[in-house]
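Common to both upcoming complexes is chain A, partnered first by chain B, then by chain C.
Our next item is the complex of A and B:
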């Protein structure tokens, strides 16, 4: 085996299929998007080169910055929610009754498609017949808000659905990482008289710090380019109150037929995501990995 | 060394296998027709056809389409029709995506005017003048096929013709002591009474935005006359016309009165329709493509269907418009893709489809086709006959504003409609934004 791996030709052969795929399906289109961003193009007819006009317009576009703000808010909310998921996983990974069943329950939203989840939450949020408002009215709230129609609430209403959608994913990651901690360490801590909170805070969390960092990056990047539920539940409305960068890009390219501008938004989104990812990595790269 | 070569061979065969399967997937249809070739003399051809009537939401339409395709395939044994079906909104989006990669289906559905324009200027649709002058000559109701004309050529052939009345639930009206309004003032009184009694006056799904646009268009028509809005769009007039601003004020007054269902800006049209069908709302403004829902669709309770009636959008006192002017016009039409490799067959299919649709849509679906209807000897629901008569007396049909506009201006219009209904803009801002978008495009 060693012999094979030292042969450059073989390495190239092994790598080639995946490389071809990734170049034609991912890197190629990214470059093309950047190129289209320099054009004025309605998607069908001829293109005209306009240089950086699209980007200049983009920087001055208040609707774009509103949607960017919403994306950042989502990133903040999903990062904060990681703490909640971590606590749930800590409890699940401890030997409590029914943890196996609970784990499966938390995972179910992940198995549903985004569109199904969106439909589900549309029904829950229905202003007159919906589950949530029926409940609120039964509890005596007189005029419960129309969640998806009220610009004040719509963004947060969708955030709840998004957090719910991804809870299972992060819980399963944390759970797996926690299960990888050697039992002997925890035994030792117990003998030294540590209580469960101390064990969790001083031993378990530091040991899975690497995994936590990865999930932070995943949550932030995933939020910045988030699209599915918003598109199905509100289409970015009402009046752009729930627009995020990706849905704004879609609306520009496929709604208004401004493919050049839409491409510019997409490319800008890529750059923002890269920068934020880099910053996050820098901020979370804190010295040595903890080992006991 | 030998082990090395085995590995290389193994890898190579893997790549070959991979490439083969990838190619195999792409050319499935063509290899399928090759097999048949040996049997018959002429090669079998496949027409890809995309339409927007899924079985779930448009059962009658769906079945008629399938019936027509079966007949066509029987008449033309060497042609196969492959169907792809999507819902309305998804259809529009998929068509755009396909057009950017130049992979339009051979035959599909398009909307008139502004919708057609990018496709025509991008040379993606084939002109259908030869069918219009040939097999389908004089079959269309005047003014329908013309809506698909750009620079003297017709690029789609219409299937439907619609007008937009207000449907109302007679039982809810009676229970609340509301008379059927004949003027706009009376309509407002009716809305007020219903709202005071805790009944939702109007079901409106304004998440989709074109639904609210129809309310606005009617008010603009009744206040400023049929030409004001059209002129603003074709740039012989201005969107800041006082009548257009006044219409926007009226919309906000209706919103203030609680005319529209709670949360309308977050509801899709299908959800709003659901409220009307569940008898949770008294009125619903929608085009006649929904007629079967109130007449023949067995899925809706008989009791509900019996209580639905319709009225024309009432006249505004002192306004220019008259009651026989409608928002409406031809709906979807069939196009043939310019780069289709079975263009002739596709054109035959379109001609065949339009003709058969004209016969069957009346009896089987109860919608109004764009071709002339001969009602003699067919049994039809009374509402259908009444609407057909109204259509004959129509003084004007104003095509949906978002269809008249180019896609980018239409987006501005639709966003502004949602903002106007949500009271996020003033009527003046509403007019100004659209005037700016229209003016910018004119340059």
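Our next item is the complex of A and C:
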């Protein structure tokens, strides 16, 4: 056994192709991003070393901080919306008739491309012929806003589309976790006279704390790297009102050919993602690893 | 809070008050769940309806009106005139090649990590798992530069390799859970019988992992089919564009033709919806496995 299964050549043959791919296409590039951030470079010509100029400019760039603020707002909205998904999942997991079908219906938007979702919601938000404003006017609202063209509303409008896209994803995760709780625990609580709300709040939720922690990380990190939907829906507009870190980086690099500065933004995105993942895991470390 | 619990309470309670109370509660819960379902599904029905409308209907009538005389020709028009057929087939072959490559390479790695004996396996596994956290935008500029140097910009290989690299971590994570639960007796017996590692992998392990291979394949298919940033950045000529970027260009040219836009979007989501109808349990399983075990 040991001899055949310890063959170094076979191990190399099996592991190296994939390893080579992630090293050259993921790890090499993220390190280079940090390095390119020290350069002034238009993407094709020669690079000039400028030290930390790009990073200093970044710290003083109010447009960058606006986009960072929007990313953080999306992260906060997304994290808060998890509570709603959790409540829906708690209801669904209680052997409701048709819960299987409902879960699948909830999931459908998650399967579609962000481009299709963005285009669909552009139509929904269309000021004149869209679904939303027609509904609002039928309900008696006069002059409903042009959602995506109004700096006051655009971020919320985008967030509703994000909510629509990801609801099923989180509900599936919570549902699977709730189904993993042994029946015996719930039965014992019932015998002790706990009502359904108490069972949900005091027993079920603490038992899936580990999974909730994972979803908080997913929601925050996912929001920080959010790009496709916003890029297609508004391109960061109007006037930067929906710009996020990733779209700002993309616009700097591939829009105005400031590849050095774009790299600095991209490197910041990487560092902030790693730090927040780490902090979230630390902060939520207690109550983890519930055994049953 | 759940229906089962309410029903259980129902059984125990003797007073009619509590029974009515829980029945009303049940109805309220159902209504809430159905409202969420309508919110999730209605926009897609609305999309399908306006894909069958003429501009006169879109701009002249209520957005909630049914199409008066369904314009199926919208679909034929965008399929042939809008290059959508080309984008569609590009999406198909690029998705399929990337899925096959990813699932095969990920199986090799998972097999080597869980079945073979070597010192660095935990470290290598860690390297793959950390890859899950890397935002693609943080790698995008050097990747662009790298493919430019290799003359692979505007070449489908650039996106196939990128899809594979960025999907390997998740694929390996889903495979790992299955490999750990898989009994090793058959493989061990094969070793005793003098089987080579390759035969064990291809003729024993790979067939045994078919269910999880299906799960990872469908999850990969959805990701690749829907991917936008890599194609938008690396591919410039129409002949290699996939649907996401293709429809984005198309819609840019037909901004006010709602019927054409609707038809294009429906065409782009139909393969995913068909896959979902056939394999919804696998998709649900893959999503649950891919996130919980993290």
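As a convention for this text, the second predicted complex is superposed on the first by the 268 of 292 C-alpha atoms of A that agree within 3 Å, B and C clash if a C-alpha of one lies under 4 Å from a C-alpha of the other, contacts with A are read in each partner's own complex, and residues count from 1 in each chain.
Please note the rule applied: contacts are C-beta pairs under 8 Å (C-beta built on N, C-alpha and C of every residue); 3 or more make two chains touch, one makes a residue touch a chain.
Only a predicted model underlies this, so the values are computations on that prediction, with no experimental measurement involved.
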| item | value |
| --- | --- |
| Touched partner set for A:258, first chain B, second chain C, both or neither | first |
| A:79 touches, of chain B and chain C: first, second, both or neither? | neither |
| First (chain B), second (chain C), both or neither touched by A:45 | first |
| Chain B versus chain C, judged by how many residues of chain A each one touches | C |
| Partner chain in contact with A:127 - chain B first, chain C second, else both or neither | first |
| First, second, both or neither for A:7, with chain B first and chain C second | both |
| Contacts of A:267 with chain B and chain C, given as first, second, both or neither | second |
| First (chain B), second (chain C), both or neither touched by A:17 | both |
| Contacts of A:115 with chain B and chain C, given as first, second, both or neither | second |
| First (chain B), second (chain C), both or neither touched by A:148 | first |
| Those residues of chain A which chain B touches in one complex and chain C touches in the other | 4, 7, 10, 13-14, 17, 43, 128-129, 254, 259 |
| Chain A residues touching chain C - in the complex, by the definition given at the top | 1-2, 4-8, 10-11, 13-15, 17-19, 21-30, 32-33, 36, 43, 87-88, 90-97, 102-116, 119-121, 123-124, 128-131, 134, 164, 167-169, 172-173, 175-177, 186, 190, 195-197, 199-200, 211, 214-215, 218, 221, 224-225, 227-228, 231-232, 246, 249-250, 253-254, 259, 262-263, 266-267, 269-270, 273-274, 277 |
| Chain A-touching residues of chain C, taken from the complex the two chains share | 1-9, 29-30, 32-33, 36-37, 39-41, 43-44, 46-47, 50, 58-59, 62-64, 105-106, 108-109, 111-113, 115-118, 124, 127-128, 131, 133-146, 161-162, 164-166, 168-169, 172, 188, 191-192, 195-198, 201, 222, 225-229, 233, 243-245, 247-248, 251, 258, 261-262, 265, 268-269, 272-273, 276, 280, 283-284, 287-288, 291-292, 294 |
| Of all residues in chain B, those that touch chain A in their complex | 3-4, 7-8, 11-12, 14-15, 18, 93, 96-97, 99-100, 118-119, 121-122, 124, 200, 206-207, 209, 261-267, 271, 275, 280, 406-408, 410-411, 415, 418-419, 422, 424 |
| Residue ranges of chain A touching chain B (in the complex, touch as defined) | 3-4, 7, 9-10, 13-14, 16-17, 42-45, 122, 125-129, 146-151, 154, 234-235, 237-240, 251, 254-259 |
